[in-house]
């Protein structure tokens, strides 16, 4: 043990870390894991503030082990985040690496952050950690943050059931997911939804209404519809944030509110919408996400320590493994087969 | 004890019960309490389905003690509910009382149901139980269902804090409360909101924006705004469900979405809205509401048993007491003084 | 408003605060409320660390408004606490008041702390805030922390129901409450327990077993028993922490484990025990407790500001009022009548 | 689609199902999934009551799709369960298969149930579904019920942190896990425990005390210790349920209470224990477990439908696959490597 410690000191590394993109439960667990693993191996961690913005601006904070005490259950990220990109500023990135004498770098983020990380990985010693509540990153069985988002959305659906049943009405739950329907699918399955609408499969609003009416015909006077924010109607009747009325004023609400109006008109049943929004991505992480994020953070640090750059920590079966960073750049959508299987649970 | 049982049998009563108005966590706890208390005293309970609708249509269900096993933690009401009124049909009410040989009647409901109950109380042996998540019924310190609604809304606000702080944005939470701001006030206080907007005090959207900007000036780049669905802007710029665009199409979304647009424009900060909707009124009740509802249900049965008609079970300090039903017909709004005191916790 | 601010500055006070006794959800909400209310009125707050210990040792911390940002949802107390007493050291108390130039003092605590506060109130300008998860302080309808403890215990009982029902066994839940059975009573009512054992009414274990067997006779093969840690068996068969076996080794476990053995032997049904312990008094407070604690903290500051010393903030109906500190020194036990009423919900 | 329906009808099967062993969140989700998938494919499901007991006694219940409405969020199992075995009664099993004209059988259970299922699989058309909160079944990445158990235990640990920190004491959490430490490990990691004791690695109580004291030396006056019920002390000082005092009376409490006494004596710090017991295995399942259980149930039905007997539904990466039933008979313990990696997060 003592020898190992000596050895560790000899090859001690200084490692940067940033968290980029949207908020995601588990970010602080990753940071804590990286710092604790580094501490055990004699490495130093320096945090960059507000994602790639901290790299561009040179905004850093030292992260000794005391700095991460107590952050495990906290939502958000102690490093802050942003959607800025460093891709067009490789010289600045290089300067920061030199200024900070970095031996390695850990980029924690979603598609955007990891795309940038992959681009820079040819030139810089980078390891990635996939992060998105949407679960839409390839290369890993699952991303942290997703379980928390599903947990919150499913809890909301649970609560709606008794109201729907007691009052015979349609209840719509709009959940996150611009491109991928994973949250809608899993929250819908967990909550026992009757209809699940995802971006991967544009829907026909007449079909949705028909399903609701068919349920009524079977004596079920209520329906619960889960819709991903990025789901679209087949006939192009999508209501987006950008759509305006004839006077140029923006239409309020998203796909959930649009469906509310359509279903109320088509089924002649009281219809109400719930928009969970950022509640799904803030706050403390579930135990599942805390463990997954911790294990990924530890693996990412060890990857840097072992100089296995250009990789990403990933869940593969029961293990955390390293996969090429490039894998993260392929979007992970819900496969057709899973949507077909889900039919057994609907209606 | 045996004598008491004999006595109870001698004066055994047959008592009707209905639950009216919107869904409210705790309804099943009331029904269970009435049935269990009646069982102990040798009385019979008959339930009327779907609120006053069950009285009009003669839709009833016997409620022996076995029927209420396991319903305590369940949301909704096993009797169903509706917003129909029996006020114009006193002859039908009389017929039901005769058909069912009712010695007493328990009406569990909100303003509408209790108003009807009070009107009928001159003619029929009625006892009321106040029920509303909005806490806007006078005569009782608090109504059951309110604690659950506040609990859910406050949990959502808790989750938003970390996202707001990590990302420097405005987050709006639209909560229930058409006429009274109790939910907004308590959820906002419990969640540490920066601005709370209630129906009792029309707001000036420029003031709200100014508060947000003032916070930014103090280094707080984020704000959390809680708005009751019934809150209105002073200058009449209220967006309601009924408002349409120039082509006659309804505008989507409520006050929350309207504020989202206004604040984004006025503060030039990303602004997002959460609409909790029926999640606040469905599902299992908090322990507080289960105990309150159980105690009120028991008191209501005992009131009937003691022939103290024309009264309502009410929380008064630590005790459940009987108050005149008429008290329930006065709306309970948030007093000015409480809104003033809340200022200490805002911004 | 500006005039008020000027006035406030003129009469600005310096006020001490301490939190004493056991942990209790809502303590940080009280501290935050005191500090925010003081800030609004131009007063200064200084915190004493670790209860009366901080007064004895002179361990203080200034509490400007920035210091209380973000503490509302956090369990514990940022001031720390202890069970030390200052009663025998009035000269030290006097010295601290002089050193710190205190114009007033807020003592937040349970029976012990408030007893001391009341004793010192003749000599020093003190205001109290009642604090106990046990709800056993008189003068207030309810204490903060109690709702959280009940919430947690009731959630545990909820979970046990399905296991009890699927497996036909007895499940015992030992909850807090050394002298008062409020937590056992309310958690038992909220969770639908079959037997509730409280310190106020010593029980006969043969009766408990008979109840369980009677349920079995009615086709209910399972029972859930809630027992307060301070409940005692009539025949003196109480197992306490202090009891030892014949070799002088301490017997393990409390009343819950003792009941487990007794009931398994007497009912010949598998019996299991859950000991919730400190889970009931740690962690974030419920929305109810946060609001109650915040209102009490604010009222306590205003009481000092108005020089209404020797009082305590108390919940009276829907309002927070001031009552004489002396009222807090009378224990608040569950009245016989409430225990009798609870019978309707048991078995 | 219509052709498929016709085809399905032609080859309609009658399939038995049982749930065996201890309670486990997700059982009703499995039953519902089997029934819904069967309904879609024109198959009939018949449930056997109380595990293998229902096979021995011939206690069955038809399970049309209406029977599983609303059971998804409910804990327990609508079929009941028991620990009886049919292994010695193959003739009875055969008789039931004939009586009920079964074309296939789904056994949902843990080590015991699946061992029996595997033994019988040579003779009968059986498919298994692994079920255990302990996660100690091989062949699948994870079992349903585990996430719920970890979720509950981690939530308890979260609550203990603030009490531990405010009061400088040791808090012990005894969690389930007789043979495997998965719950202790994951709950401990998710909750940020300082010491985790598992059955796979007998501990030295002097080492545990030394860790606690070392933390104190680093200014951390509190420690949180998670101990699996099946963890043992190296020196054989294990306290089991069976151990008695010199008068032959059973010692109360388990390993948690034993540790409480030892640590209090060795660290001279107040030490308290929490025994979560059956709270971990009762009640509603997490969203994760509901989805996993639903997918496994559906896969098990499809396996029967496709006559792939002798298999078990298993999570493999992101997919549900079929593995030989025999794989389930190998216990899945926490590997040394994972325990070593966990060290980075402790102390």
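As written, the chains take the letters A, B, C and D, and residue 1 is the first residue of each chain.
By definition in this document, a residue touches a chain if its C-beta (ideal position, glycine included) is under 8 Å from a C-beta of that chain, and two chains touch if they have at least 3 such contacts.
As the structure is a prediction and not an experimental result, all values here were calculated from the model.
Novice: Starting at chain A, how many touch steps does it take at minimum to reach chain C?
Specialist: Minimal hop count between chain A and chain C: 2.
Novice: Measuring from the mean C-alpha position of chain B to the mean C-alpha position of chain C, what distance in angstrom results?
Specialist: 28
Novice: So how far apart, in whole Å, are chain C and chain D when each is placed at the average of its C-alpha atoms?
Specialist: 35
Novice: Residues touching two or more other chains, restricted to chain A: which are they?
Specialist: Residue numbers touching two or more other chains: 158, 161, 284.
Novice: Let me make sure I understand the interfaces: which chain pairs count as touching?
Specialist: So the chains that touch one another pair up as A-B, A-D, B-C, C-D.
Novice: Across the complex, what residues on chain C touch chain D?
Specialist: 22-23, 74-77, 80-81, 152, 156, 158-167, 171, 239, 245-247, 249-253, 257-258, 260-261, 272-279, 281-284
Novice: Name, in rising order, each residue of chain D that touches chain A in their complex.
Specialist: By the definition above, chain D touches chain A via 33, 36-37, 40, 70, 72-73, 141-142, 147, 150-151, 153-155, 158, 161, 186-187, 189-192, 284, 286-288, 290-291, 294-295, 298, 316-318, 341, 343-345.
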